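Chain IDs A, B, C and D follow the sequence of writing; residue 1 opens each chain.
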Amino acid sequence: MKNAGPEMQVDIGGLIIKNPVLTASGTFGYGSEYVPYLDITRLGAIIAKGVSLEPRAGNKPPRIMETPCGMLNAIGLENPGVHAFIKEKLPFLRQFSVPVIANVFGETIDDFKRVTELLSESKGVDGLEINISCPNVKKGGIIFGSDPDMAHAVTREVKRLTDLPVIIKLTPNVTDICLIAETVEEGGADAVSLINTLTGMSVDIERRIPHLANVTGGLSGPAVKPIALRMVWQVAKRVKIPVIGIGGIMNASDALEFLIVGARAVQIGTANFINPSATTDIIDGIEDYLKRHNIDDINDLIGTFDEEGNAC
Amino acid sequence: MNGKIVKNQQISAGHFLLRVTLAESFKTPMPGQFVMMRDPGRIDPLLGRPFGVYGFERSQEEVTVEILYKVVGKGTLVLSRLRESDFVEVLGPYGRAFDTYPEAGKVVFICGGIGVAPITYLAQHYRSLAAARDVELICYYGASKAENLVGIEKLKRICSRVFTSTDDGSHGFQGLITERFSADISSYAAGSSKIYACGPRSMLKELSELVAGNSVFCQILMEERMACGIGACLGCTVLLKDGGGRGEHARVCMEGPVFNIGDIHWG
Amino acid sequence: MKNAGPEMQVDIGGLIIKNPVLTASGTFGYGSEYVPYLDITRLGAIIAKGVSLEPRAGNKPPRIMETPCGMLNAIGLENPGVHAFIKEKLPFLRQFSVPVIANVFGETIDDFKRVTELLSESKGVDGLEINISCPNVKKGGIIFGSDPDMAHAVTREVKRLTDLPVIIKLTPNVTDICLIAETVEEGGADAVSLINTLTGMSVDIERRIPHLANVTGGLSGPAVKPIALRMVWQVAKRVKIPVIGIGGIMNASDALEFLIVGARAVQIGTANFINPSATTDIIDGIEDYLKRHNIDDINDLIGTFDEEGNAC
Amino acid sequence: MNGKIVKNQQISAGHFLLRVTLAESFKTPMPGQFVMMRDPGRIDPLLGRPFGVYGFERSQEEVTVEILYKVVGKGTLVLSRLRESDFVEVLGPYGRAFDTYPEAGKVVFICGGIGVAPITYLAQHYRSLAAARDVELICYYGASKAENLVGIEKLKRICSRVFTSTDDGSHGFQGLITERFSADISSYAAGSSKIYACGPRSMLKELSELVAGNSVFCQILMEERMACGIGACLGCTVLLKDGGGRGEHARVCMEGPVFNIGDIHWG
């Protein structure tokens, strides 16, 4: 029995999670790294670091650089490949009775399909997040996410091969994110998550070279929050499937902004680096807010934004 | 965890000694391990900054961590502006420590610039380990000029011999510390000597060439920009030689910061 | 005779300016506001607040909100209209013997054409910056800037009607800014300037209302610098016409990043609000850098970025 | 310009008195004018924050500016963490001052919460102006509770009468200060009285209704978020009534912060 606390459970495209706070892919490793620093069992779900069909070495260092209220990363999707993920990482992730969502990356539609099949067969995964938005790889990633037809095709193909809830992760580096969101909704996506990082760069003026070996990287952290929030608001008004908000969420107050404008859940990324227990602190903070505002069920808060509220 | 600053003192131009008290649950750092520090009142700078532990004491109710740091950019500048009784966030200790050998014959430390900080903590550890034993601690310490040989007095108290070099010849040998060290290298036989080093990448690379082909034990502390400090972001990798056993990239915060010098791919 | 200092003069599409530091439109009023705080005669050029054919009242307050290392604005192009601009603002602006660039906004192509004609006839303007990138107005602005055909059409029509150098100001809220830049280059643009603001928003969680009456606003300031720099680098590699870099430039070091990746000049926006003499401080800082690096002519620095410089 | 903090003291929960010394080139602020303040070591918060001047002194070599502020968000929090001898950036004085009338009969001040700060400076000005004249200074000061009636002692020294109100009745009248004022309103005739007010928008709006249809002189200090403080960004506008003579929007930093109450469109 839950004691007095507000109801925090939400449904993200068929996946019922006990609260709306998830870890963002690539910022929580494969879970094990954070075990010493927080009670993982409290998370809504864990989204693991992106996996591809084959192992990937990732980009050369330097891979990260700090920027004003943000950071650039160009990891380049370093990962041991889907086979090793299933064998070596999943068993560990499963032990916390927290839903595990795999983040899937491919250079081709076939890659996406193969990884989806393998993960679905493995039976250890509760949902898939399809990363069509990584800015840090030469092939795949963002290319799929910025072209509605490609985005639609990936979604449709992936959905055909799995019974797992499929979340499509969108890139903000587009003219009209609503269009992409609508297209993947049509393609059968169970939910969309946004935003992935914004492409940026930083220059060492003394040596006139890029700070990152990859030249460009993905911008994340508080700096991007206003952009992420705007996109989440726009997309949540446009599509019927659940929207998961991501981007610069550092604390409960930030998370609440996303929920209020219509996000069904949120993912915490860069904040984990600064405060390893950011996710559970945010869960606590959301609960406190609900209590303070006498809201019994978080679903009664989601999407209650009063757009006209500040217009004279 | 938040610590309270008891001292944050400039000890030479641009170099500071920071002493922080923390709750006693803070684990005792092993030499070579590091902490991530932040001003908790800011999100700019956003990320913690890694610093090797320079000193550590444990009393009944609290622990004290000391770091020695040089102001090189925004993060260290902000740190240098914090004052007594301000809070500072200290996460850690993180990372792989130096392997130490109480039975070692000659223990050689090579440090360049602020690399002296983690090396001093290691030397101290050796001194305490080996108090009654037959271990000789020898240090080579290079800096741009005499004033930048920070903490040299402490090193002298710990080591039996300290050789120095400066770019301008204002203290010790004029030139690079690796040059000074290379003059003595033949006296450090593979079987009976352990070498530890920390300093700029160029110094470590130089050293790797000096000890290449020699099977002497040599561990180094590598520095890289970090985000998480705990292995999650894959941001801090260095390249290892193929077949280094841990794949192409190794995370400085997890597989390091201490590496066997022979494993690094210098590029 | 210039005393010993490095050559700072650059050519932006036929407009020769004595140094590459300009004020960004909308952040420097009509010049008069800053007279007490800096030596205006030292500026490379002044870009005035955007003007439209008819006077515009702008958006309702609140119009601004601070965000992490940035700010949102939704001024909505409040301005007295082109006639009043010519009569009341231009004479003042002209007295400093600094080139004056008018920033032109229209809701329709005809608007852009009329304003261009009137400004060209007025003989008081040295160049035009065509704002096809304002995110804070319901009609015009960003719509033109995010559609290559529209961007091309505006450019072509404007160019046809004026002999003044025409700078097209681009929006970052697009999938492929290089495509737009290329298109306006084809359309006859003499230069491009980028970036205008990124669309963002911010929510008051206690009242569940937007912080801005307009709901969304344009994000500017240090937060956007990595994105702006990336786009300037990409565009400078793609087009032959000069590129003017804008976005989060707070000091000389930021400005130098833009110049190094290929910007022929820079515009200073939000920084003016924080430090009214930001522009002249930046001019001084660039000169110091050139001296320190023994560079006699700033044109020998521009575009000297070594992309491979940090790749092992 | 950068000023040096000589005092930044909490005078009641969440309320601080900040005293800063500046170069003597800093102009003497008129009552109602404001300064923009920032911690020069940060770009987050990015923008300066406007504060009415609370006190000002000029000596041979330097000037001292005092502000009284309440911590309500990030900017004021950061300000409250600055300490003696820290630098703070102070731009200004900016904006349109209150119109003052040495020959006024009754001068009435109405302030809500921290609105007391600019009002006190104005009252002080009247006191010095009118020292030898027949002017009566009367203040109405409301706050949520007694502790939040900050600076009331100073006000009492300046004004001949100070009426208070608190939401909880812990000091003076229980209720809004506008209610308390409305009880006396008939004693302030249009010809011989001047009213000045500063406080939350809701209080000023209430007041505008009380004095509507009455031709009494009433000026108020309006607050809006600001970016530049000097009229360049158009970010700080308030809506004026149509035909207010200055177009629909007026910049609080230039046409204000002081407005005639009848000009404001309350929405």
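Rule of thumb we're sticking to: a contact is a pair of C-beta atoms (placed from the backbone, for glycine too) under 8 Å apart; a residue touches a chain by one contact, two chains touch by 3 or more.
The model shown is predicted, which means the values in this text are computed figures rather than measured ones.
Among the remaining chains, those touching subunit A and also subunit C are B, D.
Chain pairs A-B and A-D differ in how many C-beta pairs are in contact, and the one with more is A-B. The centroid of the Cα atoms in subunit B and the matching centroid in subunit D are 54 Å apart. Annotation: 36 Å between the Cα-based centres of subunit A and subunit B. Between subunit B and subunit C the centroid-to-centroid distance comes to 46 Å (mean Cα coordinates, whole Å). Among all residues of subunit D, those that touch two or more other chains are 43-44, 239.
Those residues of subunit A in touch with two or more other chains are numbered 60-62, 68-70, 221-222, 312.
Chain contacts here are complete: no pair of chains fails to touch. Remark: subunit D residues 38, 43-48, 74-75, 91, 224-239, 247-249 touch subunit C in the complex. Interface residues of subunit D facing subunit A in the complex, by the touch rule stated above, are 43-44, 239, 267.
Taken together, the subunit A residues at the contact with subunit B in this complex read 26-29, 33-34, 37, 49, 57-58, 60-66, 68-71, 73, 75, 78, 221-222, 250, 270, 272-274, 276. Note for the complex: subunit D touches subunit B at residues 41-44, 78, 81, 83. Across the complex, subunit C meets subunit A through its residues 60-62, 67-70, 72, 146, 173-176, 198-205, 207-217, 219, 221-227, 229-230, 233, 248, 253, 256-257, 260-261, 289, 304-307, 309-312.
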